[in-house]
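After this come two complexes, each holding chain A, first together with chain B and then together with chain C.
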Partner chain A sequence: MGFSTLLDIIGSTMIGGTILLILFRMNDSAVENHYLNSGELIVQTNLISVVELLEYDLRKIGYCQNWEDAPVPSEALLEATDTSISFLTDVSTTVNQFGDGNIDTLRYWVGSPNDVDVRKTPNPKDRMLYRQVNGEAPLYSNMGVTQLKIVYFDALGYEIPVSELIVSAAAKQPLGVITMQIDITVENTAAYGDMEDEENEVYSKDKSAFWRQIRLAAPSLNNR
Partner chain B sequence: MNTGQMMITMAAMILLSTVILSVNKNALNTTSSMTENKYQILGVSLGTALIEEAFSKSFDAYTARDPITGDAEKADNLSDLTNYYSLGPSPSERKRRNFNDFDDYNGFVENTSNASMDSVYSETLKNEISAIFKVESDVYYVDPSTDSELKKVNYRTWHKRMDVFVTSKFLNEGKDTVKLSKIYSYFYY
Partner chain C sequence: MGGKAILLVVISFSLMFTVVKYNSTNTTAQATERLTSYYVKTNAHNIASSAANIAANELFRNPNWSGFGHDTLYMNGGYAVLTVNNPVNAKAKFDAKAVYSFFYAGEKITEESRVNFILNATNYSRFGYYTKNWGTGYLVTGDTIDGPFHTQGKLNTLGSPVFLGKVTTKAGLKMVGNSYGYGAANPEFKGGYETPVDVPFTLNTSALEGIATSGGKLFNDPSGHNLDVRLKFNSDGTVDWSTKKTGTSSWTTPVNADLDTLTTNGVIWNKKGNIYLSGTVNGKYTVGTAKSGGSTGNVYLEDDIVYRNDPLKFVSGGTTVTNPDCEDMLGIVAEQQVVVKDNAANRNDINIHAALFNYGGGISVEGISSSKPNMGKMRIHGSLIENTAQTTGYTNGAGYNQVIKYDKRYRHSTPPAFPSTTSYEIVSWFE
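Let's turn to the complex of A and B:
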């Protein structure tokens, strides 16, 4: 074996090794991208699901299939805080999507990031979203909601302080809410990466999906 | 290594480089699309908010509720309504807060600067800029009895259509527009 042959072997081994390293790195990137994109898809799908559910129910504040039993529009909202809302409506049933004609009380709220159910997830900020009908056992789901913030406005468009709303609700007085701003942020409950590595924070805001809408408390609250 | 072998090696390296660049480009494109989707969702929420707000107002300036007396006129004839070329805010309705009827949103333009994507609830800042969206709206009369596509007509009808356009440099570098439409019909009972 001559010297040039030896050089050929060493050179081709180095080139082959480099190519192999590149392929390994590409494989790593492909796997990482796959997980990140799947995570993004889950986050966006969850956000849309949460928004669809809330939109559907909030649109029907003060609604009743039997219109003669519909509550007084201004009294349809029972309680309102920045993380919860309780109102009168006619909840859809499996038999009739327009409701059974009886007034129901529907309540939405988010739990704490320290609740037992969400402490198991790697994301330290996610909260449980609860939905309760007529005081029954609440249904809940961890869709990765990290923020559900509701801001309430009066007929002139001014923000109503939550403390004022709590006092009005306790006194069973109309809350005077005409529009409300709903902010929802959804993150992955278990994103790709090592969350113990603080420098490589996986639960950062650029991996969340956000929805902000200012909507009517209920279309029937205004007389056109 | 002779010249032939060198040529084959060079060709292989070029092929490998092309494949790597292609894979990298695809990965970046996917990431970019996913990010754009998030901004499109946000754009839809902002557009829907404007439509919701407009629907909380009266159908026409003529039927708007008097802020002092609380009375509202009932429109019996189409001639009571605002003429098609006068749709938009009156000189006294320069601010959005003062809009009192649906067609005041004709020609409305606003840049949103406080659509935050911050996920930390307690630290959400009101004016934190994450993405700037331009929200525009047009309101015009439509006639469903003559036009199934509900295009603009130059006469008064009982139906007004609102088109909302949301644009941002974050939506395909400003080339994409989120468009939402809704029709408001006048009824009185």
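Let's turn to the complex of A and C:
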């Protein structure tokens, strides 16, 4: 084995090693990109699922298939805070999409980021979203909701402070809510490469999705 | 040897990257597809909602509207199919089923959405308070109006009165604040506010007379005189009735009659004259009178006129719910107005359970003046419909302190043949 052969081996090893390093880096990038895209898909899917669910139910505030039994519009909302809402409606069933004709109480709320179930996830801000029909056990899912904020407005378009709504609900008086602004932010519960940094709140900042809608509180009864 | 190995490694990685790239692209595409799907669903829903709103608007403008002449509306790249059927206890049910299609990456995505609404005649009794003429008076801080409110005039508020039901006006709203010791202009419309809404004030007395003639009880003096009729309802389902010619003083001997026999459809109507009313109602009836001249067309309340059970159950905070034990219902229709008689029975509170229809004026108190003594409370549990509000009490305490509480059953149920408007309203909206 001559000197030139030795040079060939050293040269090809160096070139091969460089190519391997490049390939490893490319592999790392590909994996990262794949995870990021997957994370984005998860965020988008979760957001759309949450929004579709909320829209479907909130459109029916105050609705009842037996219209004679529908609640008085001003009394359709039972309780309202910036993170929860409870209202009267006729919940659709798989048998009858228009409801069974009996008034139900439907409640939505988000849990705390410190709840046991969501503390298992790397994202420190995600919360459980709960949906409860009448007195049944609440159904819940961690869809990566980090914000569910509801702002309420009266007939003249003025914001109603949540403290007033709480007092009215406790006294079983009409809440006076005519329109609502609903803000939802969804983040990945376990995004790729992110580190928990509560102080700077950098988790998944570039992997969150936001949705906002302003709607009538009780469109089904607005004409009465 | 080394070169071949590198070549194999590069080929292997290339294959791997190809797979990863494919998956990555696929994932990105799926995220877009999710949004596209939501966009298509939203568009379909918007089309259905718009079509339903267009149909509803046509019906508000013309109650006899029967459709566009075609059942498909094209809009925003999709179309909606309108269908109509007649449900029980309602005028009509409109169903707008929308279809929207969208091409994404060469693939056609189609979504369906539906909105339907039920339409019914607007009955005056469903208003907690209807007044054709509001005038120049104000509702002020401390006033609470229960149930839906409507006026054909402009509503004036001073400070922050509370409206528990939906408020509609034809001529708008004037909010005044920081005057006469009242606070800022901040009326509370708990059930919403809408203007302009036109609900004309009409009364078809010949229709009521016809209903009373066929299956009800029609009082009519055979010699053509104006007739006064006295009705005292009894809790056992009977009524003691007597009559006299208007302007005379002699009542006939009271006749006790079973109401199921006296009026099978629940309508008791005086062709022309006045009605004197009191008692405890057992059943569902509408009592009223037409006018003929200036001193007729009135329903005089001689004492309490109440149901066997109060239609309201009072709960905490001063609010009320419907009392399930109350099955009785009364409509009082006066072509002129309902008047509380100035007598001993009425000088210490009066309780009225009824929907009161005052076509010529408003509920009033006979001989009321600021020098009269305090007569306690006038409690109306039902609804009040009037042409023009009248004075029932004064701020110095004379007369009555009026309390009107809405009987929520009137939202969807009415006393027999109680007057309706010529327009319709949406009573249910599903989307």
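Just so we're on the same page, the second predicted complex is superposed on the first by the 204 of 224 C-alpha atoms of A that agree within 3 Å, B and C clash if a C-alpha of one lies under 4 Å from a C-alpha of the other, contacts with A are read in each partner's own complex, and residues count from 1 in each chain.
The rule we apply is simple: a residue touches a chain if its C-beta (ideal position, glycine included) is under 8 Å from a C-beta of that chain, and two chains touch if they have at least 3 such contacts.
Everything numeric here is computed off the predicted structure, so don't read it as measured data.
In the three-chain model built by superposing on chain A, chain B clashes with chain C. Residue contacts after overlaying the shared chain place A:M26 against chain B and chain C alike. When both complexes are overlaid on chain A, the residue A:N134 reaches neither chain B nor chain C. Residue contacts after overlaying the shared chain place A:V72 against chain C, while chain B stays out of touching range.
Judged by the touch definition given at the top, the superposed model places A:D183 against chain B, while chain C stays out of reach. Contacts of A:N96 after superposition: neither chain B nor chain C is touched. Of the two partner chains placed by superposition, only chain C is touched by A:S38; chain B is not.
Of the two partner chains placed by the overlay, only chain C lies in contact with A:T13; chain B stays clear of it.
Of the two partner chains placed by superposition, only chain B is touched by A:R215; chain C is not. In the superposition on chain A, A:E52 contacts chain C only, with no contact to chain B. Put simply, of the chain C stretches 4-12, 166-174 or 346-354, the part that bumps into chain B is 166-174. The residues of chain A shared by its contacts with chain B and with chain C are 15, 19, 26, 30, 33, 37, 40-41, 44, 48, 51, 156, 178, 219, 222-224. Residues 8, 11, 15, 19, 22, 26, 29-30, 33, 36-37, 40-41, 44, 47-48, 51, 125, 146-147, 149, 156-157, 178-179, 181, 183, 185, 187, 203, 205-206, 208-216, 219, 222-224 of chain A are the ones that touch chain B when the two sit in their complex. If you check the complex, the residues on chain B that touch chain A are 1, 9, 16, 20, 23, 27, 30-31, 34, 37-38, 41-42, 45-46, 48-49, 52-53, 55-56, 58-59, 63, 65, 72, 97, 115-121, 124, 130, 186-188.
Residues of chain A touching chain C in their complex: 9, 12-13, 15-16, 19-20, 23, 26-27, 30-31, 33-34, 37-38, 40-41, 44-45, 48, 51-52, 59-60, 63-65, 67-68, 70, 72-74, 98, 154-156, 171-176, 178, 219-224.
Residue ranges on chain C touching chain A, taken from their complex, read 2-3, 5-6, 9-10, 13, 16-17, 20-21, 23-24, 27-28, 30-31, 34-35, 37-38, 41, 56, 89-90, 118, 126, 148, 164-167, 187-193, 315-319, 408, 411-413, 425-431.
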